[in-house]
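Two complexes come next, and they have one chain in common, subunit A, joined by subunit B in the first and subunit C in the second.
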Partner chain A sequence: MKNLNINHRKVETYEVLELAGELDAHTASKLENTLKQLISQKKHQIIVNCEELDYIASAGLGVFMAYIEDVRSMGGDIKLSNMNPKVYNVFDLLGFPTLYDIVQKEEQAIQKFQTDESE
Partner chain B sequence: MNRSVNQQEDHQSRFELKTLLETSRMLVESQDMDFVLNNLLLISMGKLMVSRAMVIIYQPASDIYEVSKSKGQHCPPEGERLSFSFGSDVKEQSVIQCGIDDIELPELLEGEDRCTLFNLQTSNNHIGFLCLGSKGNNQPLSPHEIEFIESLSIISSVAIANSRMFTELRQINRKLDRKVYELNTLFDLSKDFNIMVDRQEIIRIFKFAMLGQMLIRKFFFVLEHEGQREMVTTSGIRKAPDVQDIDTLFELEEDLTEVDGDLQNAIPFLEENEIRAVIGLRFQSEKIALVGVGARANGEAYSPSDYNFLRSLGNLALLSIQKTYLLEERIEKERLEEELDIAKSIQKGLLPDPIPQNDLLDIAARNISSSQVGGDYFDILETPDKRLLFAIGDVTGKGIPAALLMANLQAMLHVLLPTDVTLSEATGQVNNIIYHNTPADKFITFFWGVIDPVDRSFRYINAGHNPPLWFKAGADEPVELEEGGLILGAMATFTPYQEQTVILSEGDLLVFYTDGVTEAMNQDGTEEFGEERLLKCIQQHRPKTSTEIEQAIIDRVMAFSQGIQSDDITLIVIKVD
Partner chain C sequence: MAKPTATYKITVKASTEHLSKVRNFVAKHAAAFGFDQQEVADIRLAVDEAYTNIIKHAYQNKEEGTVEIELGHDRSKFWVTLLDTGAAFDTTSYSEPDILKRIKDKKRGGVGVYLIQKLMDDVQYQTEDACNTIRMIKNK
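So, the complex of A and B:
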């Protein structure tokens, strides 16, 4: 059975979610629950580290669409980092780079949060 | 011509050829339009020593020219749109020299009346013009120079056409990639949905797939089930629409409706939530679901192909959701059947087994139920004073309600049996209870009687049941046992049920039956088995044992109805030995 593991850690004041495995129809709700939980705790500076993410399907992408407004309306953001080329290709194909900050490294996501704040 | 001039010209033309060759090599390899134009301008300007130049590109759709690249002072800015009323002959002309050729042209470069236009064209396509200002020394271009720039223009035109084609191909490729990905999504989800039985999960995945694939933020999904239209999932929707709005949306004629001002006025919910399109989904040609989508977050409009995808995904989800309902119905049905099976075995337990026997009587009794549970009832009981009670009854209707009432009657009989009441009193009491406990349309036809084996008396009451047949020994025609009173449950007991007593003798035959015997239909449904056939059958088999007679009747009825039994069949056959 395909699976998705989500490891949650904190870097400074940022919530980092490390995704490992496959984000598809079966595992989308797992990410949904994690995001919901963060939002309910008013933690909205979220970095999703996709280093170990092997595969993503539309349903997985949909989770990001469903919660981005909530997060941004509270002054936060969801930034994505460390994607392998295959996963990035899917994000790119569907036009996500125009809507989300997708960066090479987790540190760049943190820097972006910091510049966002100073603006 | 002297030799040094010759040498110089030779040198120059070799240099030009080299330039052209290098440029063409460079341009052919480049798929970058910007690079091509830049080179064209810089080489032309350097070679001819002009300080202003630009490339204008023709836009066939709007019949205008757009400044694609310009260099030098007071040139129109890049991106500016220019409109000329050229004849088509101009678009075919290779070189146009303003102020020399007899062609009226507006001022292209500010304060410039000596500019030269070089046509950028391929064999079948006019691309635009390279527009050069006048030379630094204000001299006209020499034929040699014109020839060189013409060659350069041809090479550049090919390169521009190439880069355009390349860009187009890249776009087509990307579109194709997207299409392939859409198909993959549909394929994957059809597999995923197939193994899902949780309706909520299917609905949730459907939503996420929609949002993710199409970059949608506002979304709602309305599903109709058993006449109820309900919003089953949403995303980014602030307030649900009221029932009337949903009904209006269901009544939209087209399955795909792009929301316009009129519709927004009619249903403010659509405007409040920035819904752009509403798609109706059908199951077995009935519109039973609606999907509403807001704008795509990347600002792109929905293409017909996007709508097709939305509809395909919607249909897939709808089908899977309907499947879960059907599955639930089947499980429910199986559960019900299981319960009916249990009910049947309980009901069977209410009938006497084994049939009580008596030395002086040859008794046979059978009940064949048509459905899982039925409304026929019979009983044979020994009273405390060693007499035998026979009862037969038929509850109106079939199934569980009839079976419940039958069980009720059975219980009353068994409670009344040991008490010291007459048949008439007991019947009156049973009738009252049935009358009070059941709806007006529930009745029981009922016959019961008590045989005293010692004096062979048979005391009975018939409450609206098919009269049992009493064949006296030696007589061909039976006596019908009719006396008694009203059918049970029709009204409260006012006048007591009348008991009747007959005396049986050796060789007498009694046949009790329910209407499942006489009302069995032939295969065409045109004729009932009837009392005549029953009578004949009994007469034919009269000398046989009660069990054999009973079997003969059942065989005859089954043959008549070709084995199709629509009602319960119950028989009691008693021979007096």
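So, the complex of A and C:
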């Protein structure tokens, strides 16, 4: 059975979560715990790199839905990058691209954070 | 060439532990039927959402419940049916989710039924003799 692996690394002041595997109702709690931990440490500038994410179901999207307001209210954001077309399609079906910054490359997410800050 | 009609079935406990097994069972047959990658992905996700809803809502995360997953096809369409004996889904209480509002209210989920309808061509819910059925059809 495929699982979800999360690799956490720091790029400058940004928290990057690399997701690999499948994000569904079985694995969503793993991502949720990681996000909760970051938020409790007041780390609000989060980039989720989905390059190795093969699959997402709505339980996975639900994690992003549940925490985005908390993160934004503290001046941060969750930006998503490097999605494969199948994963992007699920976000798109629910209209997420108008509500979240979803970019092709991780560097673009960093640039967007820097633009947000200078505004 | 695929036979004109065929049916296959598995029975699993209502646990998220079996999600990938259920998805893969259905996706394998959908691919053998001749759907393209995107169509297989649509069916895989629709089945995931239906099974997840049964686990969470029909059986309220009590893992002793069982779910039967049947699939079949004829020449022009492919169908997947999930059967459970938990609480029935009230279709009259369903309305299209407002994602922006749900985000503002910090609510998650509640979008599975909507996704299933978008991904499949026809979706039917039925409850008879304490058995709930969701039947999802994808046309070729």
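Rule of thumb we're sticking to: the second predicted complex is superposed on the first by the 119 of 119 C-alpha atoms of A that agree within 3 Å, B and C clash if a C-alpha of one lies under 4 Å from a C-alpha of the other, contacts with A are read in each partner's own complex, and residues count from 1 in each chain.
The rule we apply is simple: a residue touches a chain if its C-beta (ideal position, glycine included) is under 8 Å from a C-beta of that chain, and two chains touch if they have at least 3 such contacts.
Because the structure is predicted, anything quoted here is derived from the model rather than measured.
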First, second, both or neither for A:Glu22, with subunit B first and subunit C second: second
Touching partner for A:Lys86 - first (subunit B), second (subunit C), both, neither: second
First, second, both or neither for A:Ala66, with subunit B first and subunit C second: both
Contacts of A:Gly75 with subunit B and subunit C, given as first, second, both or neither: neither
Footprint overlap on subunit A, where subunit B in one structure and subunit C in the other make contact: 24-26, 57-59, 61-63, 65-66, 68-69, 90, 93-96, 99
Interfacial residue positions of subunit C with respect to subunit A in the complex: 16-17, 19-21, 23, 37-38, 41, 44-45, 48-49, 52, 55-56, 99-100, 102-104, 106-109, 111-112, 114-115, 118-119
Subunit B residues within the subunit A interface of the complex: 174, 177-178, 181, 185, 188-189, 192, 201, 204-205, 207-213, 215-217, 235-236, 297-298, 300
Contact footprint of subunit C on subunit A as seen in their complex: 1-2, 22, 24-26, 55, 57-59, 61-63, 65-70, 86, 89-90, 93-96, 99
Complex contacts: residues of subunit A adjacent to subunit B: 24-26, 28-29, 32, 57-66, 68-69, 90, 93-96, 98-99
